[in-house]
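Two complexes follow with subunit A in common, the first pairing it with subunit B and the second with subunit C.
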Partner chain A sequence: MSDATGVIHDIGYQRYTGPRLGRRQVFGALYLHGVRTVFGLGRSAKAKIFPWLVVSVVTVVAAGVTAVRSQIGEVVMTYAQFADAMSWLVIFFAAVAAPELVSRDLRSGVLPLYFSRPLPRGDYALSKLLALVTALWLLLGGPQLVMFLGAAFTTNRGVRGVWDELLDLLPGLLYAGLWAVVFASIALLVASLTGKRAFAAGGIVAVFLMTTPVVGVLSILPSQTINQLAFVASPPTLVGGVGNWALGDRLTQGRGGMPIGDFGPVYAVAAVLLVAGCVALLLLRYRKVAAR
Partner chain B sequence: MTLLATESLTKTYGGRVTALADLTVSVEPGIIGLVGANGAGKSTLIKILLGLLPPTSGRVQVLGLDPTTDPAAVRARVGYMPEHDALPPDLSAAELVTHLGRISGLPRTVARERASEALRHVGLHEERHRAVGGYSTGMKQRVKLAQALVHDPDLLLLDEPTNGLDPAGRDAMLALIHRIGTEFGISVVVCSHLLGEVERICDTLVAIDGGRLLRADRVSAMTTATDVLAVEVSEGTEELAARLTALDLPVTRDGRLLLVPLADDATYDQILGAVAELDLPLHRLDQRRHRVAELFAAREPSHV
Partner chain C sequence: MSTVTWITARGLFGRSRFLMLLPLPLVLIGLAVLCRSLGVDPGQWGPPVLVGLGLAVVLPVVALIVGTGVLGAEIDDGTVVHILTKPLPRWQIVLPKLAVAAGVTAVTVGVPIYVAGVLADSVRLGLALVAASAAGALAYSALFLALSLVTRRPVLLGLVYVLIWEGLLGRFVSGTRVLSIQQWVIALADRMAPTPLLGTTVSVPVAAVLTALVAVGFTVLAIDRLRSFSVAGETS
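Our next item is the complex of A and B:
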């Protein structure tokens, strides 16, 4: 139109003939995007405040524990106990992260853009779940690693001391994984029910808050069996029960622990059923959402 | 090659609400207008084409593939622009389109390149790095179109792409869709409840009503031999009408206008000649396309 001082050559539309990635890589991309979302990476500064505040709190606690241990030689917290002690922080973290992952998409109506792509609808939900599990596990496992490094560098029993420390760390990390799986599946299921993030966050905290008194009531009923099974009723105590049974002294440090009697395996089965139920409901939920 | 084909396609919700009833239609590649009133079954048809809804009965093919048995293969080659708001407000257009490109299976760097290309093609340049929440409706519609284009589909399904746009925005969007259909080599299905809008850019029209097919045909087949010339003179309309009738042109009157069927280019010369001979002040002479709506209106739905 005008004279050619700065001509922009319109090279026109280019067809794409290169490779198209398969289901696995697409799942991986969505998963990684989810993990980044939880920690506010690639998002506004405001979205980073809460996750990194929690991360810094757990790290500071771990550093403190490590420092005390290296100074006075007393083990304030085992790796597994650390996960227990941080459970409320994990609940709040999940209550903020899960709505970020799924409620936001429900609200903005972006889901039709996902489900009109080759991605199977179950993959969307599962990649988000896996992202939240990873984030929670990193939240608990990262500080444990700090504690391990602190202990490993200050040990006075050489390689053998490091090896013993590692054997303590691994069950701790597994236990952290259990926390992550149970909390993530509950939180994501609740968050997937509403597009309002505040409601979702409230709902998640409520699930954990409301079930705690139930445990209290059940544990004072005049039946030893019911008392010993009472901790099944609330997710945090359920996880604690499984830990008591599977880890024993590593969690209790000889201080008694939860009175679950011989019902350890029942707790383990209950935890598995809880997670399986949440995942099944989550997939069902997205079958309905996708068809809308 | 057939672009889309349905055979006795029926969809009922809960056994009572009928969204599509015995729809049989087959269209060739090009720009296809899918027109019908709200609730005619357009969105249901699109969801079946994408494999998001299973049909109650009947068969459907998209690009030679069956979306009921192989939805992933269909969706890999189709781009979909939904009718409603579908953009997270806090992401930038570039981030969102890149991300959705990756979900379509593009490698990371390719997704980024193609996202900015797609956004450039729809007319978003520097603003693509701003958060979508601050965009105008027209810009949001363009982002929705760009995300449908990012993975280089063979078919675009656009659900009411001009929704919420002002007249200038509508024209720009329609021009863009026409360009995609003609220059990019991508077939486009445009859903709209405004027939007058899509008929301007489509080469095939499919009209549905109450889930039934009203008519499906090429626009050229619908409008050939129906073009007329409208002549208006400031005075002497009667004389001109008499003169044109004498020239064997079948003139009809429409208020102050004279309508003459356009046989070929010679018709223009004949009319201009007659006006010049009578020395009349010619007010206007233009070609009028019969609105396709008139073709549909003339047919009773129940007879089809």
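Our next item is the complex of A and C:
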């Protein structure tokens, strides 16, 4: 036995002794990164094409509506109706955004890297969900702000007119939030099932489009109860039904709402259950993915 | 049956995600049966089920997923190199893949829409819908196959076409209907079995010529693009 000759040299590595940011900062960073991902910020020009295409289309529509209103004085659509009219574009935007948020991480297998940090499984899914909700809300709320500014600056009733306009805008923004929550939770759940962005996008659109004709069929069945409950079957009309019940006249401004009868609370419960179910399944999904 | 056909079919059916396609046809049949059993007037439920769901949603969405999948999936994971390095003329790669895509789409859509058509009106309407949707499946598949070679984001571009061009503009701007595969399919089906259930503004000769033109044109484009195809990494 020779004597041990090896020496461990101190080559000057230092331990990190500064403050360690906690769970909230991890969540915040992931959320901010998610919102930037959706709009393609900090990524190549190719990643910006589709999100900004949708954003520009909705903004142009809002500007057109505002221009018509300021020139002719006719209200083409209210703030809440704007969200309804843009539903196809919102579906497309969700189909672009949700796969970018979750499918890429699944495909490139970086989830173990995320979960090796002090990041609970649920936080990852919830931060992505919150990012998508924010993005969808901005998509719908931004053009409404354009419409509001246009209306506020052309009003001829002074501050009183601006205040009335603001009272119309706030329910519209609330309604846009409802849209964002319902659409984001469904889209993210579908996208989290597959690592292929192409399949995820197709699946999201299929889910939303497939349910629309179901409403059309249910509303012509020979039963008034089923007719009034028909709008539950599809996410866009479900949101419309809830808005109709909760915001009532503010939403439609006397332009004929949906014939949902007395089932308003049923719509609200259905929307809450839908969102809760989607979020629960999403969390369950990430528990399983993380365990792999 | 060539090897390429065999590989493509196995690539489509070998994965469990093919099951994602099944709910669409099932909903179509389910709604038709429900309406029929409750005795609703076919004039009322025919248009939303046959056109609104069948021809406007199920056909394009199935064609989109299958059509971009047959070649796009291989391009995505890079295995397309294995086929490209074989001493095969490019048309012998594109045509079998197109045949599989169109065939799978036509069967997936044809069966439920035949059932719905028979329940709505007659066997004749069912057969007309099957024939027209098969022609539409060929045109859609050629379009989406070519898209997957022209761009790296074929599904999103295809969705732009289906959702915004056919769905949004087709409803409000009548001029775009002339260039909409969906309207051609409706026109062809209406010609083969005239019923009040289907209605379109596009004339039948225009629809037939344009359908053939799109099917052939995009196939030629796909073959041409595959000649000078460069393999690249995933888009950022």
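Convention: the second predicted complex is superposed on the first by the 277 of 292 C-alpha atoms of A that agree within 3 Å, B and C clash if a C-alpha of one lies under 4 Å from a C-alpha of the other, contacts with A are read in each partner's own complex, and residues count from 1 in each chain.
As a convention for this text, contacts are C-beta pairs under 8 Å (C-beta built on N, C-alpha and C of every residue); 3 or more make two chains touch, one makes a residue touch a chain.
These figures come from a predicted structure and were not determined experimentally.
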| item | value |
| --- | --- |
| Which superposed partner A:G22 touches (first subunit B, second subunit C, both, neither) | first |
| A:V214 touches, of subunit B and subunit C: first, second, both or neither? | second |
| Touching partner for A:R117 - first (subunit B), second (subunit C), both, neither | first |
| Touching partner for A:A201 - first (subunit B), second (subunit C), both, neither | second |
| Touching partner for A:G109 - first (subunit B), second (subunit C), both, neither | first |
| Which superposed partner A:A83 touches (first subunit B, second subunit C, both, neither) | neither |
| Which superposed partner A:P222 touches (first subunit B, second subunit C, both, neither) | second |
| Touching partner for A:R43 - first (subunit B), second (subunit C), both, neither | both |
| Overlap of the subunit B and subunit C footprints on subunit A, listed as residue numbers | 43-44, 47 |
| Residue ranges of subunit A in contact with subunit B within the complex | 12-16, 18-23, 25-26, 29-30, 33, 42-44, 47, 104-105, 108-110, 112-120, 290-291 |
| Partner subunit A, residues of subunit C touching it in the complex | 17, 20, 23-24, 27, 31, 34-35, 38-40, 44-45, 48-49, 52-53, 57-58, 61, 64-65, 68-69, 72-73, 76, 152-156, 159-160, 162-164, 167-168, 235-236 |
| Residues on subunit A engaged by subunit C in the complex (per definition of touch) | 43-44, 46-47, 50, 53, 88-89, 91-92, 95-96, 194, 196-199, 201-203, 205-206, 209-210, 212-214, 216-217, 220-222 |
| Complex interface listing, subunit B residues touching subunit A | 47, 50, 52-53, 72-73, 75-76, 78-80, 82, 84-90, 95-96, 99-100, 102-108, 110, 114, 117, 121, 147, 151-152, 180, 183-185 |
